[in-house]
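One chain, subunit A, appears in both complexes that follow, with subunit B as partner in the first and subunit C in the second.
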Partner chain A sequence: MLRGAYYVPIALAFALVARHGRYLPLWLPECGMVAAYAAYFSIERARFPLLLGMAVAVLAGSLSALVAHYALFAGHVARSEPFAALLRGIGVIVLLDNIASLLTGGYALAFSRLAIPSSGRFRMVHALLGSDALALGCVPLLAGGLWAAVNHTRSGLQYRSVSANRQVATQYGLRVQRIDFIVVVMGGLLCAIGGITNGLRYGLTATMMSTTALKAVAVVVAVGYDRLLTVALGMLAIGVLESLCQARIRFSAFEDGVSYAALAIGLVVHYVVWPWWRHWRERRSWGAEKQLAEARL
Partner chain B sequence: MNRRRAVSSIVLTAVLLSLGACRSTRTSGNVNIGAILPLSGDNASFGITARNAYQIAEEDARQEGRTSFTLVYGDSKLDKGLALAEYGRLVNQHHVVGFIEATGSGIALALADMAARDQVPIISAVDTSPLLTSRGGPFFFRVVPSDAYSSKVLSAWAMEKGLKSAVLVFNQQNDWAVGFKNAVLLSYREGGGSLPDNAVLPVTDDVVDFNSAIATLQKMAPRAWFVGLMGRQAGLFVRQSVSRGIKGPFLGVDNLAQQEFVDAAGAGKTDAWFVLPTEVKSAAVSKFAARYRQLFQRDPDSLAFKAYDAYFVMLNAVETIKKSGQPVTGAALQRQLKATNFPGITGTIQFDQHNDLLKADYQRLTYDAESQKVPVQ
Partner chain C sequence: MNFVWLDIAVRVLLGSTLVMAQAVLLNWLGVPFAAITLFAGVAAYGAVAGVAPVIVALALLEAAFLLLVRPLPQDRYLLLSLASLALMRSAVGAVNRFGGQLGTASVSTLIPAQRPTSAFPFALALFLAAFLLLLALRHSQMGLAVDTARIGATDFCANSMTPVGMITALLLGAAVLLAAFAGAVQGAYAGWIDPNVFRIDYAITMLVATLVIGRMPIRGALLAMAFFVFPDFFSSALGYNRTASAHIREILWGAAIIFLAGRGTSTARGNQ
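Here is the complex of A and B:
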């Protein structure tokens, strides 16, 4: 479950922006990579104080999301062009990965100053590190907080309205541009948290977010982008399944396939099993009503 | 309008023709040598290290007033498909007559047949897969010893220390790691060690969390842990093992000598034991290391030294052919490389009948707390 906890902020950000823009924002997790590298360069290289360095990193993540959105994706969102946005997203991933690779000479990096101690009072239980506690703590906080904000606040209602139909929301006088801004900043912020916690645990590479992004796509597509708590639970479940796979020598080689299997199963359940089940139940209840009516007659 | 368009077309054609002429003037008379390296992507550190070493080698050759060759790079991203495309581009468009690197054992295996067909020799400073001994073909050479040899040395070390039961984790998507696994299984079992099939755990490229694998392998109470992972992945495996209270030792070869391993392993690096070809202590080695640090703000690893030697092995071959008045062709280069007897900074380089390094001495190493490599007795 711990492994899944590291994926959750990215998946939540992905679901939030995907629902809003009605496309797969594959590029968004890269903002986590930008934030992690910003944390590394400000804290480890420029020797900023830790809090300032973290603030710079979170700001960099959110800012990169804003720049990418307004420069490349805002038009596609307004015109409902998911495929063009997806293609641009792939371009952004390649560009950012190459920039990060050039900046570091292709070397993987690791935090040393920022590393949360893995012993003493920071060690919760055996093999649970400080960064693990941080990632686990973030799950209920972020998933619960975001779910409550989206489903039980006035701003959340506005977000849902804009996501459902931008034109109607505009006609009803909602400030769509403001909601766009908030959603993208929130997405960048969540990715920044995900990127930094990932970097703390697994180090930094230019492609550190690529695999996580694909897992987020798998879960969000499988369970639906409007079910934030299910998305979080789905990511935790992916983590559990991957760990179980890895623990069995026969299956360890298929660990990476778990998320795609989840996607396939989710799609089959969503588009085949569930409609069939509903149809069967309707027919059954219709048959029972018919029998009852015949008996009365 | 039409007249303006016609003039523009003429000017454009003239510019393109002059560019083409410039290119042919630049390359004519020169010998072009290729290097297929991962210069971008996740494994770029290998390619960039090698390129840095070639840069120093080129400067040294220039200072010594030696005939040089034009080095043409191809970026493979450590992907076989891209490497094959880059090979085609370098051979057909740039007319390279030899390569001083094709990083990645799998890539070298994929290129071996084409190199033999085109008669273009390849030297490698990094490909250590034992498969290359039998399947590398007559045009593949390497200045680095095969893992078949280094794993024997590693296994002998483990047995000598009484580490008679072991487990192994390896990246099944990496050809080097698969070769390393096979070589270790053979040599460790031959030496009397217990390494059953259910103690060999494959993982994939993207795995960064090894906790379940470690827990599974830990149940077997091994005395030693063979690590068939590269750089950062190996470092993460060791760090996560150490955080579970495992003290290793973690056994490897040059995969544990990479800076990325040191960065990712954290305090766990002191539990890593690895064997490397013995570094020659000489003024040339110190000079190269100092120059590398000065230019690139990083310590050179074993790949940098070997890449430097590979450059000069190829340069010697080119010079000898030129001096004899023959044209520098791939076939001539291959014949010349066969007869190599070059005193490099990593030792004397000669090739055996399979074009493997004829002789290699090893040193046993670990890290101290300051990340310095220290010998182990």
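Here is the complex of A and C:
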């Protein structure tokens, strides 16, 4: 479950921005990498106090999201071009991952700063890190908070309206630009949290977010980006399944394939099986109605 | 030419063949397919699994991707093609007969492992076949039909003028064939195959190269070769680390993708 908890902020950010822009923002989790590296350099190298370093990192993550969105993706969102946006997202991932890899010489950086003081009495706590507690705490807080904000507030209604139809929302006087700004900042913020917690637990690598991004995409696409709580639960389930696969030698090869299996099944069910089933049911009911009409005649 | 450069030539030619095969689908036909390495990887396992199971697996995969072209939106189709790589990597890694996650030796009587002199003719023949296919698409009536089929994704009149399904099946078959032969040569030449042939980041590298080469056969072939020869050439000419050269290549081409995707060069088929 812990493993899944580390993915949850990224998946929530992804779902939030994907629903808003009607595209798959593969680039967004990279803001988490920017934040994680910013945290490392400000805390470890520049010797900033922990809280100040974290604040700088979160700011860096949100700023990078804003810059990327307005420089590269805002046009695609306005023109509804999901494929071009996806390709550009892949370009951004390739660019950022390779820059990070080149700057660090391809080496991973250790960044474990939140160790919980171990105690003989609490063996469970002994195995946990501070980042684990942070990640676990973030799950109900972020998932519940975001779900409530999106589904039960006035701002959430505006967000849903813009997500449903930008043109109509603009004609009805909603401030679409402001909502764009807030959504991207929120997405960057969530990714920054996800990136920093991931970095604290697993260390920093250039590709630390690209794999996580694909897992988040898999779950969000499989369950639908308008179901925030299901996305969070799905991510936790993926973490559990991955850990179970890792624990069994026979299934260890499937550790990385769990989320992709969910993606493939979700896509086939959503775009092939479900439309076919609906079509079949309609034809059947139409046939029954026709038979009834013929019997009456 | 010494063996080092012959080895580089073999790798460049095989990589370029894969890129050109993928370009047939992505750039010419507009099918957002990004997993050409899936077919190459499956064929590479032919040395261990046998020819018949590999042919069956390739045919099933091709049929599945063909059936999903129409119902899936293009961004989802691209993701599914990448996901299929990860799934295949997991599936192959779980089979003990294939050496699990560590892989196994691939022995071929036709192409001995690490012998560039024996692999070079095959690599060159495959490269020329892919290049001729691109030339044919550029200059023949078939190419005109492919262009119409691509436009048919968004234009109803164009869609009614060409047998889109037939053309898609034909080109997918050609791309699968090229990729399978390239993969088989690659597997035999490397002498060792493991599930890493299905890595997503390798497929993304291929995707980057595919998007950049566009729809010009000669320029595309040269760009594809330049893409793969760059790290070796750069490190040989300037004495720079080969891995760092590969990073520089990816940075430059990643920037090119960002620029090209913004100009809307790749119009792929499917629902938006």
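One rule holds for everything that comes next: the second predicted complex is superposed on the first by the 253 of 297 C-alpha atoms of A that agree within 3 Å, B and C clash if a C-alpha of one lies under 4 Å from a C-alpha of the other, contacts with A are read in each partner's own complex, and residues count from 1 in each chain.
Everything that follows uses one rule, which is that contacts are C-beta pairs under 8 Å (C-beta built on N, C-alpha and C of every residue); 3 or more make two chains touch, one makes a residue touch a chain.
No experiment lies behind these values; they were computed from the predicted model shown.
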Based on the superposition on subunit A, does the combination of subunit B and subunit C result in a clash or a fit? clash
Looking at the overlay, what does A:203 touch: subunit B (first), subunit C (second), both, or neither? first
Can A:253 be said to touch subunit B (first), subunit C (second), both, or neither? both
In the superposed model, which partner reaches more residues of subunit A, subunit B or subunit C? C
According to the stated criteria, A:244 is in contact with first (subunit B), second (subunit C), both, or neither; which is it? first
Which holds for A:107: it touches subunit B only (first), subunit C only (second), both, or neither? first
Subunit B versus subunit C as contact partner of A:2, first or second or both or neither: first
Scan A:50 for contacts with subunit B and subunit C and give back first, second, both or neither. neither
Should A:80 be classified as contacting the first partner (subunit B), the second (subunit C), both, or neither? second
For the superposed three-chain model, which listed region of subunit B (109-117, 127-135, 181-189 or 361-369) is the one that clashes with subunit C? 109-117
So which positions on subunit A get touched by both subunit B and subunit C? 97-98, 101-102, 106, 207, 252-253, 255-256
Subunit C-facing residues of subunit A, complex: 23-24, 72, 75, 80-88, 90-95, 97-99, 101-102, 106, 207, 210, 214, 217-218, 221, 250-257, 260-261, 263-264, 267-268, 271-272, 275
Quick check: in the complex, which residue numbers of subunit A touch subunit B? 2-3, 6, 97-98, 101-102, 105-110, 115, 118, 126-127, 129, 201-203, 205-207, 211, 242-249, 252-253, 255-256
Please give the residue numbers of subunit B that touch subunit A in the complex, ascending. 38-48, 172, 198, 200-204, 206-213, 215-216, 231-232, 235-236, 240, 243-245, 259-260, 263-264, 266, 296, 298
In the complex, subunit C residues that touch subunit A: 32, 67-68, 71-76, 78-80, 82-84, 86-87, 89-94, 100-101, 195, 200-201, 204-205, 207-208, 211, 243-244, 247-248, 250-251, 253-258, 261-262, 264, 266, 268, 270, 272
